[in-house]
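Here chain A shows up in two complexes: once beside chain B, once beside chain C.
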Partner chain A sequence: MWKTVIRRLLILIPQLVVLSLFIFFIAQYMPGDALTGKSVDPNADPQRLEELRQQWGFYDPWYVKYVRWVGNIFKGDLGRSYTHQVPVTQVISDRAGNTFWLGLMTVFFQYLISIPLGILSGRYHDKIPDRAITLYSYVALAMPTVVACLLSIFTFSFGLKWFPFGGTISIEAYAAGGIQAFLSRIHHMILPALTVALISTTSITQFLRSEIVDYEQSDFVTTARSKGVPKRVIYSRHIFRNSMIPVSSFMGYSIVGVLTGAIFTESVFGYPGMGKLFIDSVFSRDYTVVNALIIFFAILTVLGTLLSDVIMSLVDPRLKVK
Partner chain B sequence: MNKKKILSLSLSLLLAVTLLSSCAQTSGNDSGGDQDLSSGAQGALAGFPWGVENTAKSINGGVLKYAIDSDAPFQGLLLTEIYEDDLDAQVLSWFVEGFVSYDENFVADQDGAATYTFDKDAKTITLTMREGVKWHDGEPVTLDDMVFGYEILAHPDYQGTRFDDSVRNVIGVDEYHDGTADKISGLALSEDEMTLTISFKEFTPTILIGGFWTSGAPRHYLGDVAVKDLTTSEKVKTNPIGFGPFKVKTIVPGESVEFERFDDYWRGKPKLDGVQVRVINPDLIPQALEAGEIDIASFNTQVYPDYKNPTNYTYIAQLETSFNYTGFDLGTFDTETETNIADPNKKMANLNLRKAIGYAINQTEICQQQYNGLRMLATTAITPRHGGYQNTEIEGYVYDPERSKTLLDEANYKDTDGDGYREDPNGQQLTIYWAFMSGAGAEVMTQYKIQQWKEVGLRVELYNGQLMEFNNFYNALQNDEEGIDMFDGAWQTGFDPDPNVLWGEFTVNNFPHAVTDELRAAMADCASEQSWDETFRTNAYKKWQEEFFNACTAIPTMWRAGLFAVNNRVKNYDMSSVDIDAKLHLIELTANESAVKQ
Partner chain C sequence: MISISGAILEIKNLVTSFKIRGEYYAAVDGVSLSIHPNEVFAIVGESGCGKSALALSILQLHKGSATKVEGVIEYKGRNLLAMRDDELNGVRGKEIGMIFQDPLTALNPLMKIGAQIEESLSVHTDMNAAQKSERAHELLTSVGMERPNLVYSQYPHELSGGMRQRAMIAIALVCRPSLVIADEPTTALDVTIQAQILDLLRQLQRESQSSVILITHDLSVVAEMAHRVAVMYAGQIVEIAEVGELFHNPKHPYTRSLLASNPSLESTGEGLLHVIKGMVPSLDRMPRQGCRFAPRMPWISPEAHESSPVYHTVAPGHEVLCGCYEHFRFE
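And now, the complex of A and B:
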């Protein structure tokens, strides 16, 4: 397996090269640049903007920019954000922590909610619990994230006052630090994580349900039944274990999904994360940040897929990663 | 200069959300309460006061909760010289002040931390620092700190946009920037560092209207930080100091800031114990206000109808210095000579056609229906915020479809093939391609206007058949993209409404690219030596507005008012002066807890 992992990682390198070339190539067709927003300010001095454009190398051909960019990466320098005026690594690392922890909690809630629902739904398929869960699944699937976020804030923050309505931490807790800061962060994370989890359980739930329904018809379950194995044991030993195999492989994709950021959640909850950073950077033409994030997301995606495959091979000895 | 910049910084945002209604810019803004407003503006704002009226007994101290409405975090470059973001400007306004303050006409006055005199012939301004002004760490503020501000801007490593023509206008700045001098020769500091004489290359009549840099930075605090490291320094991002009424206690990067009272504030000890500023998504503002989670917030004018009668907060409004306009493509900008050159063969070159376009639109209806009266029909390109300069005799393009039709008939735009649309004077099909930025409400607005133009027989279509994204839109305008006949833009004029900046012959900002002889003459008067005389200047501005209306290279469409919601417990908060920062220390509260919705 290790061989495969290493091989997959090696393939990543040419993939990244092609991807980055592609980004640089298409970037030149994007209208405007990082100073367009400034240049429509009547008080901005066109001469100064021109000077900065020269200084920042905006007029160089894309391949010159590309070579410079790659050269700098080898020096550990991803460039400087034009909008934030600080190194890209700093812009991203400021947000990465938030996204990571929020993402982790979201995945945790996702599985915590969807696995019991999937099992219930599968075990009682076509009965009332299954219908209710399916109905919920589709409502959740159809619910736009923004609406879900607003609804949950209106209910749980403004209405019941159980959770704060935005931010990652309260000012007081931030100043106090230590355990208080930790608890405040958790407290601020629960509502956005839970909201996203509640509307993103559909695929796991439905996947698990159909697996269970399939296994119920399988030969080994029929055999177990005929041998008089109690229904409870059939479900917990024979069906559930097997059904979990493909579901666990979902994990890798789920992690990638949440780590690339949740634009709407971050925006509504005022939660500085990478999804919103990416979109804002695209609109402000902050190319250095955009490029770094695309590469970062690409690496994550490859690693996530790999993780899924590895989990798969670990939980199911019949499969070998090839 | 800094004031002017603070005002204009939200511009890009403003343009991007031209239609997104309320665009908060609290810093350095005012409503010019006692100005001579046109009747339209007064009518529209009649329901909203400039400040809150609260006569209840104040409590001792208390913490005010102020919201910055944004769906993105603030960047945290908390130094006047380097910030670029409007959200940072809002944070800065609570703890940083410029050296000079401004009166209701945006002219520098003598109420700031430094007073000034000027000598027109010697082209100098001499500033004198008040005694007893202290930085938040207790060190005295001197004019050397202002010199330090200039040194940051002119430093070769400085990467911001504020090293501009107004800073370069100081003698010796270029030499300092090039490294041929180690001091800026045009900044002469007295021995005790309490007097500073600034020598300028050009001394224009509007130099006192935000025309020179009047901010500074604490040299004793930031002097050991290299200019290139300022944007990453803890002393800027998490522990900044100023000499404003409140000092920074805690900053949660990008999210919130806690301020505490600065007892040694030179205008007097602030009444509040502190202020909490936090970024809140605009969609949550109304609910957060009702729940008493915030005390002051800018309020979306398009959401306002759903929250017309609040019980626990009141609305105040302020006029903005910005306006929307419809511009016409009438020429090109020659980048070699940096001159706007009119082209008489352009599709929109016919004056009657342009005027007909103006009269065909019921702008007042749009303002009422879409913006609940918080936008007003703009009669000229100088807003009522600059009431003193405004030519109130100009009626503007008041909806008159019959007049529109007559104008077109006179100019021989007639429907010759009976399809309901007029052909041009040569009998060729006439389609006007209109560039419009995407944003909330843009779809409705454009379709409504296209319909109204159709009613007078004009075929107007969106350029490329769709609304344009902000970057795309301005990129197209700046590059003179072929095929755009007409476009809708917006400007925010800042302190000085000098038309030369936006509509001059040599400015890239003049997107219509046409300047008539009359306009040229009127604008020359605005910037002339005689303009030092205020009456002359006012008349010159008024004359220009008249010529601008006649030439119709662009049609101003809407002026704007910003709406703010203020909790019932807040006292002494008003926006009736340019120096809103100068009144922050007077804000009081009348209850320990914010009022909540009944």
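And now, the complex of A and C:
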């Protein structure tokens, strides 16, 4: 078990090297640079901008830039954000917490919604509840995140005024602090988390449904019936429990999905997390932040899939490595 | 309560039909038979002859809803086919135990063997955990597990095929049923393991005095295990007799062909093994009138068959379907 985990973590290293080269070049070939936007500012002195370009090494050959960047990473220095004028690590760590809590809540809602739906759908497959759930699932799957977020802001923030339009905390609550601040943060997270959860239940629901339908036909269920086990118990003890195993391993992938999805969600909700930071940094050509975030997302992806494998091997006795 | 005939199970005119493209086709077509206490009754036939459909009909264990079971199945005087599902659950596992063909798929991969044995006890008795565990250990020992304590807490994938089938037998016997239905219990096993499992079944049957319905396509299994045997073809019983009688005095052309196609140790290897022409017709193509075996022996003249075949008693307890047996000869 631990061997597998360590091996997977070691494979991560060459993956990151290739990825770092790749994103480095993509970032380099994006038109413009961190100072391009500043040149439209009539107060900016073009000569000063040119000086800064020289000083920050924008004209150095690519290999010098790459080696400098990678070398600094090994020293724990991801560089400075050009826009924010503070170290990248600080820019990211300021926002990582927001994304983490929002992501956690999203995954929580996702499972809270999709597991009952999947069970209902599988238990009564090809009947009316299943048809309704399947219809919902595919509408949700087809719905772009941005559209769903805008619709929910329009309905619940603008129309019903149940939730704030964006941000992480209200000013009054921030000033008050304590439990009020905590509740305000939760209040700000609910709408984005619920919106994303509602449109991302499809894979878990449909997966669980098909597992249940398959298991209903399985031989060990016939054995259980031959023992005189009541139908209700057969579902809970034999079918649902066995179906949950592959679904629980989805957890890792869900986390990855939510993090990458955060790019859209946070931008629409104006929620200052890593997703919004990523989009803002791309638009302001803040390469150091973009590169660091991509590497960060990549590591999270690998860790997420690793988490899936670990969960799977913990819950399925057939995969237990002695 | 045992019926007047002394039979523990009486099947009368059983018709089990499956729905194929909206229409029902009978896989078991008018089968009647009775099982006596302390008897091993074998049902033998080719794949697709309806023997497994018959076995599953007794406890109504068919998968899916596209199955119709009609007729009467009387167990100790009570018609199983007229029971509600919860009444039937009281019979399943407690009165009638089932052993399935493939012990790997028939066991829940995520439940320990001990828990799977104890599940029946939880349903049918009010034993406490310690009593259930004791009974499960007792069963594991009596089915010949070398290390019952270890097996008790193992998962099915940790056992060999033969051990899994032993566990399956333990599950079927845990509530001391009066009737055990074994549906091809040795088909999925290696030949050497087959013999061990058959020995075990025979020994357990003698000890428990329960009746066994043994479904098989293997005539040597029948010869070794059974007291009486029914030969099935195309959903019907074509011949029924005591084992000795059937092997020494087979009458129905299908029985004779089956016996002729079985290799024996005495055969010298000269000459070809007998092959029955054609194959069992699929459900939707099965002839529903006249002698169903007629198309597979075209050299027998049509007049030899009865238009509505009836059973002929050729010896006490030995019955044959259709009069064509008197005119049959190998080609």
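Of note:
One rule holds in what follows: the second predicted complex is superposed on the first by the 309 of 322 C-alpha atoms of A that agree within 3 Å, B and C clash if a C-alpha of one lies under 4 Å from a C-alpha of the other, contacts with A are read in each partner's own complex, and residues count from 1 in each chain.
The rule is simple: contacts are C-beta pairs under 8 Å (C-beta built on N, C-alpha and C of every residue); 3 or more make two chains touch, one makes a residue touch a chain.
What you are looking at is a predicted structure, and each value in this text was computed from that prediction instead of being measured.
Overlaying the two complexes via chain A leaves chain B and chain C side by side, clear of any clash. When the shared chain is aligned, no partner comes close enough to touch A:I23: not chain B, not chain C.
Using the contact criterion defined above for the overlaid structures, shared-chain residue A:P46 touches chain B, although it does not reach chain C. Shared-chain residue A:P87: touches chain B; no touch with chain C.
Counted by residues of chain A touched, the larger count belongs to B, out of chain B and chain C.
When both complexes are overlaid on chain A, the residue A:D219 reaches chain C alone and has no touch with chain B. In the superposition on chain A, contact of A:I115 is made with neither chain B nor chain C.
Shared-chain residue A:K227: touches chain C; no touch with chain B.
After superposing both complexes on chain A, the closest C-alpha pair between chain B and chain C lies 49 Å apart.
In the superposition on chain A, the residues of chain A contacted by chain B and by chain C do not overlap at all. Residue ranges of chain B in contact with chain A, taken from their complex: 4-5, 8-9, 11-12, 15-16, 71-73, 75, 77, 82, 84-85, 159-161, 163-166, 231-232, 249-250, 252-258, 276, 278-281, 283-284, 287-288, 290-291, 293, 469-472, 474-476, 478, 491-494, 501-502, 508-509.
Of all residues in chain A, only 30-32, 35-49, 52, 55, 83-87, 90, 94, 146, 150, 153-154, 158, 165-169, 171, 174-175, 267-270, 272, 276, 280, 283, 285 touch chain B in the complex they form.
The touching residues of chain C, counted against chain A in their complex, run 59, 61, 63-64, 85-86, 88-94, 97-98, 100, 102, 105-111, 119-120, 123-124, 155, 157, 168, 171-172.
Within the complex, the chain A residues that touch chain C are 216-220, 222-231, 233, 237-238, 241-242, 245, 316-318.
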